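Presented sequentially are two complexes of chain A, the first with chain B as partner and the second with chain C.
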Partner chain A sequence: MATLEITTTVDAKGLSCPMPIVRTAQTVKTLPPGALVEVLATDPGSVKDFAAWSRSTGHELVEQSVDGPVYRFVIRRK
Partner chain B sequence: MDEPINLVLFSGTDDRLQAAAVLAAGAAALGKPVNIFLQYWALDAFRADRISGDHGLAPEAGAAGRDAVAALRVAGQASWADTLRQAKELGGVDIQACSLSMDLLRIEQGELDPLVDGVEGVTAFYLNAGEGQLVFI
Partner chain C sequence: MTTEMLDSPVGVPLENPFAAALAERELEPETRTRELVIVNWSGELDRIWPTLILASTAAASGVQCKVFVTFWGLLPFVRDGVRLTGENWMQRMLSFMQQPGIDHLKLSKMNFFGMGPWMIGKLRKQYNVASPRELLDAATALGVEFIPCQMSMDMFGIKREDLIDGMSEPAGAATAIEIMTEANASLFI
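Entry: the complex of A and B
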(Lines of atoms letter the chains of each structure in order from A and count residues from 1; the text may use other names and numbers.)
(Lines give C-alpha, C1' and ligand atoms only; values in the text may rest on other atoms or scores of the structure.)
Protein backbone atom coordinates (compact mmCIF):
# COMPACT_ATOMS: atom_id res chain seq x y z
CA MET A 1 0.00 0.00 0.00
CA ALA A 2 1.31 3.41 -0.97
CA THR A 3 2.20 5.70 1.91
CA LEU A 4 -0.11 8.70 2.10
CA GLU A 5 1.42 12.14 1.67
CA ILE A 6 0.83 13.69 5.08
CA THR A 7 0.59 17.51 4.96
CA THR A 8 0.65 18.19 8.70
CA THR A 9 0.82 16.22 11.92
CA VAL A 10 -1.19 17.19 14.99
CA ASP A 11 0.49 15.85 18.10
CA ALA A 12 -2.36 15.62 20.60
CA LYS A 13 -0.71 13.00 22.80
CA GLY A 14 -1.44 13.62 26.46
CA LEU A 15 -4.33 15.97 25.71
CA SER A 16 -7.70 15.15 27.20
CA CYS A 17 -11.08 15.37 25.48
CA PRO A 18 -12.02 17.46 23.52
CA MET A 19 -8.60 18.95 22.77
CA PRO A 20 -7.49 16.37 20.17
CA ILE A 21 -10.57 17.24 18.10
CA VAL A 22 -10.26 20.97 18.76
CA ARG A 23 -6.60 21.04 17.69
CA THR A 24 -7.43 19.00 14.61
CA ALA A 25 -10.33 21.27 13.67
CA GLN A 26 -8.06 24.31 14.08
CA THR A 27 -5.40 22.75 11.86
CA VAL A 28 -7.79 21.52 9.18
CA LYS A 29 -9.20 25.06 8.80
CA THR A 30 -5.78 26.36 7.75
CA LEU A 31 -5.24 23.77 4.99
CA PRO A 32 -6.47 23.49 1.40
CA PRO A 33 -9.09 20.90 0.37
CA GLY A 34 -7.60 17.44 -0.06
CA ALA A 35 -4.79 18.01 2.45
CA LEU A 36 -4.01 15.03 4.67
CA VAL A 37 -3.68 15.56 8.40
CA GLU A 38 -2.18 12.95 10.69
CA VAL A 39 -3.33 13.06 14.32
CA LEU A 40 -1.62 11.29 17.21
CA ALA A 41 -3.67 11.03 20.41
CA THR A 42 -3.74 9.09 23.65
CA ASP A 43 -7.31 9.92 24.68
CA PRO A 44 -9.26 6.62 24.33
CA GLY A 45 -12.41 8.62 23.59
CA SER A 46 -10.81 9.91 20.41
CA VAL A 47 -11.68 6.70 18.50
CA LYS A 48 -15.40 7.40 18.62
CA ASP A 49 -14.87 11.15 18.58
CA PHE A 50 -12.93 11.20 15.31
CA ALA A 51 -15.46 8.88 13.67
CA ALA A 52 -18.29 11.18 14.77
CA TRP A 53 -16.42 14.36 13.84
CA SER A 54 -15.63 12.98 10.40
CA ARG A 55 -19.27 11.98 9.79
CA SER A 56 -20.56 15.33 10.98
CA THR A 57 -18.09 17.63 9.23
CA GLY A 58 -17.49 15.63 6.03
CA HIS A 59 -13.70 15.50 6.47
CA GLU A 60 -12.86 11.92 5.53
CA LEU A 61 -11.21 9.60 8.05
CA VAL A 62 -8.95 7.72 5.66
CA GLU A 63 -6.86 5.72 8.11
CA GLN A 64 -6.86 4.78 11.75
CA SER A 65 -4.64 2.55 13.79
CA VAL A 66 -3.41 2.04 17.31
CA ASP A 67 0.16 1.48 18.48
CA GLY A 68 0.26 0.77 22.20
CA PRO A 69 -1.24 3.79 23.95
CA VAL A 70 -1.15 5.97 20.82
CA TYR A 71 -4.07 6.26 18.43
CA ARG A 72 -3.31 7.48 14.93
CA PHE A 73 -5.82 9.00 12.54
CA VAL A 74 -5.39 10.35 9.06
CA ILE A 75 -7.99 12.85 7.87
CA ARG A 76 -8.51 14.29 4.40
CA ARG A 77 -9.83 17.82 4.41
CA LYS A 78 -13.01 18.03 2.33
CA MET B 1 -27.32 26.30 8.85
CA ASP B 2 -27.12 24.25 12.04
CA GLU B 3 -29.21 25.32 15.00
CA PRO B 4 -26.94 26.61 17.78
CA ILE B 5 -26.11 24.84 21.00
CA ASN B 6 -27.05 27.13 23.89
CA LEU B 7 -25.30 26.83 27.22
CA VAL B 8 -26.55 28.74 30.25
CA LEU B 9 -23.77 28.79 32.83
CA PHE B 10 -24.93 29.43 36.38
CA SER B 11 -22.41 27.63 38.60
CA GLY B 12 -19.01 29.16 39.13
CA THR B 13 -17.00 26.15 40.29
CA ASP B 14 -14.06 25.00 38.18
CA ASP B 15 -15.44 21.49 37.57
CA ARG B 16 -18.77 22.70 36.18
CA LEU B 17 -17.10 25.40 34.11
CA GLN B 18 -14.69 22.77 32.77
CA ALA B 19 -17.60 20.50 31.80
CA ALA B 20 -19.29 23.44 30.07
CA ALA B 21 -16.09 24.43 28.24
CA VAL B 22 -15.70 20.86 26.95
CA LEU B 23 -19.28 20.89 25.62
CA ALA B 24 -18.67 24.25 23.95
CA ALA B 25 -15.36 23.23 22.38
CA GLY B 26 -16.77 19.94 21.08
CA ALA B 27 -19.68 21.73 19.43
CA ALA B 28 -17.37 24.36 17.94
CA ALA B 29 -15.15 21.63 16.50
CA LEU B 30 -18.23 20.20 14.78
CA GLY B 31 -18.87 23.62 13.27
CA LYS B 32 -21.99 24.29 15.34
CA PRO B 33 -22.67 27.82 16.56
CA VAL B 34 -22.48 28.03 20.36
CA ASN B 35 -24.18 30.68 22.50
CA ILE B 36 -23.04 30.92 26.10
CA PHE B 37 -25.04 32.99 28.59
CA LEU B 38 -23.29 33.76 31.89
CA GLN B 39 -25.39 34.12 35.02
CA TYR B 40 -24.70 34.49 38.72
CA TRP B 41 -21.58 32.68 39.95
CA ALA B 42 -20.45 31.65 36.49
CA LEU B 43 -20.38 35.32 35.52
CA ASP B 44 -18.40 36.12 38.66
CA ALA B 45 -15.76 33.58 37.60
CA PHE B 46 -15.26 35.50 34.31
CA ARG B 47 -13.99 38.64 36.06
CA ALA B 48 -10.64 39.45 34.47
CA ASP B 49 -8.89 39.49 37.84
CA ARG B 50 -10.39 36.16 38.96
CA ILE B 51 -10.62 34.00 35.85
CA SER B 52 -7.25 32.31 36.43
CA GLY B 53 -7.89 31.75 40.12
CA ASP B 54 -9.18 28.75 42.04
CA HIS B 55 -12.99 28.62 41.95
CA GLY B 56 -13.37 25.42 43.96
CA LEU B 57 -15.42 22.37 43.01
CA ALA B 58 -19.06 21.34 43.33
CA PRO B 59 -19.84 19.98 46.84
CA GLU B 60 -20.24 16.41 45.57
CA ALA B 61 -16.58 16.31 44.48
CA GLY B 62 -15.36 15.40 47.96
CA ALA B 63 -11.71 14.80 48.80
CA ALA B 64 -11.23 12.03 46.21
CA GLY B 65 -12.75 14.23 43.52
CA ARG B 66 -10.47 17.11 44.42
CA ASP B 67 -7.46 14.83 44.10
CA ALA B 68 -8.64 13.51 40.72
CA VAL B 69 -9.18 17.03 39.35
CA ALA B 70 -5.79 18.16 40.69
CA ALA B 71 -4.09 15.16 39.05
CA LEU B 72 -5.62 16.03 35.65
CA ARG B 73 -4.38 19.60 36.03
CA VAL B 74 -0.88 18.42 36.85
CA ALA B 75 -1.04 16.16 33.77
CA GLY B 76 -1.51 19.33 31.72
CA GLN B 77 -5.26 19.47 31.11
CA ALA B 78 -6.19 22.86 29.65
CA SER B 79 -8.08 25.08 32.10
CA TRP B 80 -11.71 25.86 31.30
CA ALA B 81 -10.71 29.38 30.29
CA ASP B 82 -8.05 28.07 27.88
CA THR B 83 -10.50 25.51 26.52
CA LEU B 84 -12.99 28.31 25.80
CA ARG B 85 -10.26 30.45 24.19
CA GLN B 86 -9.43 27.60 21.81
CA ALA B 87 -13.11 27.03 21.11
CA LYS B 88 -13.45 30.71 20.21
CA GLU B 89 -10.49 30.46 17.84
CA LEU B 90 -12.50 27.90 15.89
CA GLY B 91 -15.22 30.51 15.47
CA GLY B 92 -18.93 30.44 16.11
CA VAL B 93 -18.70 30.75 19.90
CA ASP B 94 -20.41 33.81 21.40
CA ILE B 95 -20.21 34.50 25.14
CA GLN B 96 -22.65 36.99 26.65
CA ALA B 97 -23.05 38.20 30.22
CA CYS B 98 -26.57 38.29 31.66
CA SER B 99 -27.38 41.95 32.35
CA LEU B 100 -29.38 41.12 35.49
CA SER B 101 -26.42 39.20 36.93
CA MET B 102 -24.14 42.13 36.04
CA ASP B 103 -26.38 44.35 38.21
CA LEU B 104 -26.61 41.78 40.98
CA LEU B 105 -22.85 41.33 41.22
CA ARG B 106 -22.13 45.00 40.50
CA ILE B 107 -19.83 44.18 37.61
CA GLU B 108 -18.97 46.62 34.82
CA GLN B 109 -18.26 45.19 31.37
CA GLY B 110 -14.69 46.49 31.52
CA GLU B 111 -14.03 44.21 34.50
CA LEU B 112 -14.79 41.05 32.52
CA ASP B 113 -12.24 38.89 30.75
CA PRO B 114 -12.03 39.52 26.96
CA LEU B 115 -13.55 36.05 26.45
CA VAL B 116 -16.89 37.74 27.11
CA ASP B 117 -18.23 39.31 23.91
CA GLY B 118 -20.92 41.48 25.44
CA VAL B 119 -23.86 41.96 27.78
CA GLU B 120 -27.43 41.05 26.92
CA GLY B 121 -30.80 40.32 28.48
CA VAL B 122 -32.64 37.03 28.45
CA THR B 123 -34.82 38.07 25.52
CA ALA B 124 -31.84 38.60 23.25
CA PHE B 125 -30.42 35.29 24.45
CA TYR B 126 -33.62 33.43 23.50
CA LEU B 127 -33.74 35.16 20.15
CA ASN B 128 -30.22 34.00 19.31
CA ALA B 129 -30.92 30.54 20.77
CA GLY B 130 -33.56 29.93 18.09
CA GLU B 131 -34.71 26.31 18.06
CA GLY B 132 -31.36 25.00 19.31
CA GLN B 133 -30.93 22.85 22.39
CA LEU B 134 -30.48 24.61 25.71
CA VAL B 135 -28.31 23.25 28.51
CA PHE B 136 -28.24 24.72 32.03
CA ILE B 137 -25.06 24.09 33.99
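Entry: the complex of A and C
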Protein backbone atom coordinates (compact mmCIF):
# COMPACT_ATOMS: atom_id res chain seq x y z
CA MET A 1 0.00 0.00 0.00
CA ALA A 2 1.38 3.34 -1.05
CA THR A 3 1.82 5.76 1.83
CA LEU A 4 -0.25 8.89 1.36
CA GLU A 5 0.34 12.27 2.96
CA ILE A 6 -2.63 12.40 5.33
CA THR A 7 -3.64 15.94 6.32
CA THR A 8 -6.12 15.08 9.07
CA THR A 9 -7.65 12.00 10.66
CA VAL A 10 -11.31 11.80 11.65
CA ASP A 11 -11.77 9.30 14.45
CA ALA A 12 -15.36 8.14 14.04
CA LYS A 13 -14.84 4.84 15.81
CA GLY A 14 -17.90 3.84 17.84
CA LEU A 15 -20.15 6.42 16.16
CA SER A 16 -23.37 5.36 14.44
CA CYS A 17 -24.90 6.62 11.23
CA PRO A 18 -24.88 9.43 10.20
CA MET A 19 -22.12 10.84 12.41
CA PRO A 20 -19.07 9.35 10.59
CA ILE A 21 -20.26 11.13 7.41
CA VAL A 22 -21.31 14.31 9.20
CA ARG A 23 -18.00 14.60 11.10
CA THR A 24 -16.04 13.90 7.90
CA ALA A 25 -17.98 16.54 5.96
CA GLN A 26 -17.39 19.09 8.73
CA THR A 27 -13.65 18.35 8.68
CA VAL A 28 -13.34 18.33 4.87
CA LYS A 29 -15.00 21.76 4.74
CA THR A 30 -12.12 23.29 6.71
CA LEU A 31 -9.38 21.94 4.41
CA PRO A 32 -7.95 23.16 1.12
CA PRO A 33 -8.66 21.31 -2.17
CA GLY A 34 -6.47 18.25 -2.61
CA ALA A 35 -6.10 17.63 1.13
CA LEU A 36 -6.25 14.00 2.20
CA VAL A 37 -8.50 12.99 5.07
CA GLU A 38 -8.29 9.63 6.78
CA VAL A 39 -11.49 8.37 8.43
CA LEU A 40 -11.56 5.54 10.96
CA ALA A 41 -14.98 4.05 11.60
CA THR A 42 -16.52 0.93 13.09
CA ASP A 43 -20.00 1.29 11.58
CA PRO A 44 -20.29 -1.48 8.92
CA GLY A 45 -22.83 0.72 7.06
CA SER A 46 -20.07 3.23 6.41
CA VAL A 47 -18.65 1.04 3.60
CA LYS A 48 -21.64 1.75 1.38
CA ASP A 49 -22.15 5.23 2.82
CA PHE A 50 -18.67 6.58 2.10
CA ALA A 51 -18.90 5.33 -1.49
CA ALA A 52 -22.28 7.07 -1.89
CA TRP A 53 -21.06 10.21 -0.15
CA SER A 54 -18.01 10.46 -2.41
CA ARG A 55 -20.27 10.13 -5.49
CA SER A 56 -22.62 12.78 -4.10
CA THR A 57 -19.98 15.31 -3.19
CA GLY A 58 -17.28 14.65 -5.79
CA HIS A 59 -14.62 14.15 -3.10
CA GLU A 60 -12.53 11.22 -4.23
CA LEU A 61 -12.45 8.01 -2.20
CA VAL A 62 -8.78 7.21 -2.69
CA GLU A 63 -8.43 4.18 -0.50
CA GLN A 64 -10.47 1.90 1.71
CA SER A 65 -9.44 -0.99 3.86
CA VAL A 66 -10.56 -2.93 6.90
CA ASP A 67 -8.49 -3.99 9.88
CA GLY A 68 -10.51 -6.14 12.26
CA PRO A 69 -13.51 -4.07 13.32
CA VAL A 70 -12.06 -0.79 12.01
CA TYR A 71 -12.79 0.51 8.53
CA ARG A 72 -10.37 3.03 7.07
CA PHE A 73 -11.23 5.46 4.29
CA VAL A 74 -8.95 8.00 2.66
CA ILE A 75 -10.68 10.91 0.94
CA ARG A 76 -9.20 13.58 -1.27
CA ARG A 77 -11.01 16.91 -1.04
CA LYS A 78 -12.07 18.11 -4.49
CA MET B 1 -19.95 31.54 -18.76
CA THR B 2 -18.27 32.16 -22.09
CA THR B 3 -20.48 32.20 -25.13
CA GLU B 4 -19.15 33.11 -28.54
CA MET B 5 -21.13 35.62 -30.48
CA LEU B 6 -21.75 34.85 -34.16
CA ASP B 7 -22.88 37.31 -36.77
CA SER B 8 -26.28 36.60 -38.23
CA PRO B 9 -26.94 37.42 -41.92
CA VAL B 10 -28.46 40.74 -40.86
CA GLY B 11 -25.46 41.63 -38.76
CA VAL B 12 -27.09 41.01 -35.36
CA PRO B 13 -24.90 38.86 -33.07
CA LEU B 14 -26.39 35.47 -32.18
CA GLU B 15 -25.40 33.36 -29.20
CA ASN B 16 -23.62 30.20 -30.15
CA PRO B 17 -26.06 27.48 -29.05
CA PHE B 18 -23.32 24.83 -28.91
CA ALA B 19 -21.23 26.88 -26.51
CA ALA B 20 -24.23 27.24 -24.20
CA ALA B 21 -24.97 23.51 -24.32
CA LEU B 22 -21.34 22.64 -23.70
CA ALA B 23 -21.12 25.04 -20.79
CA GLU B 24 -24.23 23.45 -19.31
CA ARG B 25 -22.76 19.98 -19.73
CA GLU B 26 -19.58 21.05 -18.01
CA LEU B 27 -21.68 21.96 -14.99
CA GLU B 28 -22.77 18.34 -14.65
CA PRO B 29 -22.35 16.77 -12.17
CA GLU B 30 -19.66 18.76 -10.38
CA THR B 31 -21.42 22.03 -9.71
CA ARG B 32 -25.10 21.14 -10.07
CA THR B 33 -27.00 21.96 -6.90
CA ARG B 34 -29.37 19.35 -5.65
CA GLU B 35 -32.04 20.27 -3.18
CA LEU B 36 -33.95 18.37 -0.52
CA VAL B 37 -36.94 19.83 1.28
CA ILE B 38 -38.39 18.28 4.41
CA VAL B 39 -41.64 19.38 5.98
CA ASN B 40 -41.35 18.79 9.70
CA TRP B 41 -44.85 19.02 11.18
CA SER B 42 -44.46 16.92 14.34
CA GLY B 43 -42.53 17.54 17.53
CA GLU B 44 -42.33 13.86 18.39
CA LEU B 45 -39.03 12.06 18.73
CA ASP B 46 -39.88 9.36 16.18
CA ARG B 47 -40.40 12.00 13.50
CA ILE B 48 -37.92 14.74 14.27
CA TRP B 49 -35.06 12.28 14.73
CA PRO B 50 -35.12 10.92 11.16
CA THR B 51 -35.75 14.47 9.90
CA LEU B 52 -32.54 15.67 11.55
CA ILE B 53 -30.54 12.62 10.41
CA LEU B 54 -31.58 13.15 6.77
CA ALA B 55 -31.15 16.93 6.92
CA SER B 56 -27.63 16.78 8.38
CA THR B 57 -26.58 14.00 6.00
CA ALA B 58 -27.98 15.89 3.01
CA ALA B 59 -26.01 18.99 3.95
CA ALA B 60 -22.92 16.82 4.55
CA SER B 61 -23.38 15.35 1.06
CA GLY B 62 -23.45 18.72 -0.63
CA VAL B 63 -27.23 18.71 -1.03
CA GLN B 64 -28.86 22.02 -0.20
CA CYS B 65 -31.43 21.22 2.47
CA LYS B 66 -34.38 23.25 3.66
CA VAL B 67 -36.69 22.18 6.48
CA PHE B 68 -40.10 23.81 6.75
CA VAL B 69 -40.97 23.68 10.44
CA THR B 70 -44.69 23.78 11.06
CA PHE B 71 -47.40 22.92 13.62
CA TRP B 72 -46.10 20.81 16.55
CA GLY B 73 -42.80 20.54 14.69
CA LEU B 74 -41.97 24.03 16.00
CA LEU B 75 -41.85 22.98 19.65
CA PRO B 76 -38.41 21.28 19.54
CA PHE B 77 -37.03 24.48 17.99
CA VAL B 78 -37.96 26.55 21.02
CA ARG B 79 -34.87 27.88 22.78
CA ASP B 80 -33.70 26.13 25.99
CA GLY B 81 -35.38 27.28 29.14
CA VAL B 82 -38.12 29.25 27.39
CA ARG B 83 -41.52 28.81 28.96
CA LEU B 84 -44.19 29.71 26.45
CA THR B 85 -46.53 32.06 28.20
CA GLY B 86 -48.66 32.70 25.12
CA GLU B 87 -51.55 35.11 24.97
CA ASN B 88 -54.20 32.99 26.63
CA TRP B 89 -54.69 30.04 28.98
CA MET B 90 -54.97 27.48 26.16
CA GLN B 91 -51.53 28.33 24.75
CA ARG B 92 -50.06 28.14 28.27
CA MET B 93 -51.82 24.82 28.86
CA LEU B 94 -50.53 23.37 25.56
CA SER B 95 -46.98 24.42 26.42
CA PHE B 96 -47.37 22.70 29.80
CA MET B 97 -48.76 19.52 28.20
CA GLN B 98 -45.88 19.31 25.74
CA GLN B 99 -42.77 20.92 27.20
CA PRO B 100 -40.96 22.62 24.32
CA GLY B 101 -37.26 22.21 23.44
CA ILE B 102 -35.07 19.65 21.70
CA ASP B 103 -34.42 17.72 24.95
CA HIS B 104 -38.10 17.12 25.75
CA LEU B 105 -39.34 14.89 22.98
CA LYS B 106 -42.10 12.33 23.32
CA LEU B 107 -42.88 9.29 21.20
CA SER B 108 -46.05 9.26 19.12
CA LYS B 109 -46.59 5.61 20.08
CA MET B 110 -45.50 3.68 23.19
CA ASN B 111 -44.72 6.84 25.13
CA PHE B 112 -46.00 5.30 28.40
CA PHE B 113 -45.64 8.55 30.38
CA GLY B 114 -41.98 8.92 29.42
CA MET B 115 -40.93 5.28 29.83
CA GLY B 116 -40.63 4.80 26.04
CA PRO B 117 -38.36 7.81 25.39
CA TRP B 118 -36.32 6.91 28.49
CA MET B 119 -35.63 3.41 27.10
CA ILE B 120 -34.85 4.80 23.65
CA GLY B 121 -32.45 7.25 25.30
CA LYS B 122 -30.69 4.37 27.07
CA LEU B 123 -30.40 2.39 23.82
CA ARG B 124 -29.22 5.49 21.98
CA LYS B 125 -26.32 5.93 24.41
CA GLN B 126 -25.50 2.21 24.42
CA TYR B 127 -25.24 2.17 20.62
CA ASN B 128 -23.61 5.62 20.41
CA VAL B 129 -26.30 7.12 18.21
CA ALA B 130 -26.29 10.91 17.92
CA SER B 131 -29.00 12.68 19.90
CA PRO B 132 -31.50 15.05 18.26
CA ARG B 133 -29.58 17.93 19.86
CA GLU B 134 -26.22 16.82 18.37
CA LEU B 135 -27.86 16.34 14.97
CA LEU B 136 -29.56 19.74 15.13
CA ASP B 137 -26.22 21.38 15.96
CA ALA B 138 -24.50 19.53 13.09
CA ALA B 139 -27.32 20.36 10.65
CA THR B 140 -27.18 24.05 11.56
CA ALA B 141 -23.37 24.13 11.29
CA LEU B 142 -23.54 22.49 7.85
CA GLY B 143 -25.98 25.11 6.60
CA VAL B 144 -29.40 23.44 6.73
CA GLU B 145 -32.05 26.14 6.49
CA PHE B 146 -34.88 25.83 9.03
CA ILE B 147 -37.92 27.90 8.07
CA PRO B 148 -40.53 28.42 10.81
CA CYS B 149 -44.20 28.62 9.89
CA GLN B 150 -45.72 31.97 10.88
CA MET B 151 -49.27 30.66 11.28
CA SER B 152 -48.14 27.91 13.69
CA MET B 153 -46.07 30.41 15.68
CA ASP B 154 -49.15 32.59 16.10
CA MET B 155 -51.40 29.68 17.02
CA PHE B 156 -49.01 28.25 19.64
CA GLY B 157 -48.04 31.68 20.97
CA ILE B 158 -44.38 31.30 19.91
CA LYS B 159 -42.51 34.54 19.27
CA ARG B 160 -39.50 34.90 16.96
CA GLU B 161 -37.18 35.32 19.98
CA ASP B 162 -38.52 32.10 21.56
CA LEU B 163 -36.97 30.11 18.70
CA ILE B 164 -33.34 28.96 18.53
CA ASP B 165 -30.72 31.09 16.75
CA GLY B 166 -30.08 30.62 13.06
CA MET B 167 -33.62 29.97 11.86
CA SER B 168 -34.80 31.77 8.73
CA GLU B 169 -37.49 34.40 8.59
CA PRO B 170 -40.95 32.89 9.23
CA ALA B 171 -42.95 32.03 6.12
CA GLY B 172 -46.17 30.33 5.08
CA ALA B 173 -47.64 27.48 3.07
CA ALA B 174 -46.99 29.15 -0.29
CA THR B 175 -43.27 29.21 0.50
CA ALA B 176 -43.43 25.53 1.46
CA ILE B 177 -45.16 24.70 -1.84
CA GLU B 178 -42.64 26.70 -3.84
CA ILE B 179 -39.56 25.11 -2.29
CA MET B 180 -41.11 21.62 -2.35
CA THR B 181 -41.96 21.78 -6.04
CA GLU B 182 -38.56 23.21 -6.97
CA ALA B 183 -36.55 20.65 -4.97
CA ASN B 184 -35.29 17.35 -6.36
CA ALA B 185 -36.97 15.55 -3.48
CA SER B 186 -39.38 16.64 -0.80
CA LEU B 187 -40.49 14.72 2.24
CA PHE B 188 -43.36 15.22 4.67
CA ILE B 189 -42.12 13.56 7.86
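The rule is simple: the second predicted complex is superposed on the first by the 76 of 78 C-alpha atoms of A that agree within 3 Å, B and C clash if a C-alpha of one lies under 4 Å from a C-alpha of the other, contacts with A are read in each partner's own complex, and residues count from 1 in each chain.
As a working rule, a residue touches a chain if its C-beta (ideal position, glycine included) is under 8 Å from a C-beta of that chain, and two chains touch if they have at least 3 such contacts.
What you see is a predicted model, and the numbers here were worked out from it, not measured in a lab.
Enquirer: For A:M19, is the partner it touches chain B (first), chain C (second), both, or none of the two (neither)?
Expert: A:M19 sits against chain B and chain C alike.
Enquirer: After superposition on the shared chain, which partner residues are touched by A:L40: those of chain B (first), chain C (second), both, or neither?
Expert: Neither partner.
Enquirer: For chain A, give the residues common to its interface with chain B and its interface with chain C.
Expert: 14-19, 21-22, 24-26, 29, 53, 56-57
Enquirer: Considering the complex alone, what residue numbers of chain A touch chain B?
Expert: Result: residues 14-19, 21-26, 29, 53, 56-57 of chain A touch chain B.
Enquirer: For chain B, which residues are in contact with chain A within the complex?
Expert: Touching chain A: residues 22, 25-26, 28-31, 72, 75-78, 83, 86-87, 89-90 of chain B.
Enquirer: Contact residues on chain C for chain A in the complex?
Expert: Where chain C meets chain A, its residues are 29-30, 53, 56-57, 59-63, 127-130, 134-135, 138, 141-142.
Enquirer: In their shared complex, at which residues does chain A touch chain C?
Expert: 14-19, 21-22, 24-26, 29, 52-53, 56-58, 78
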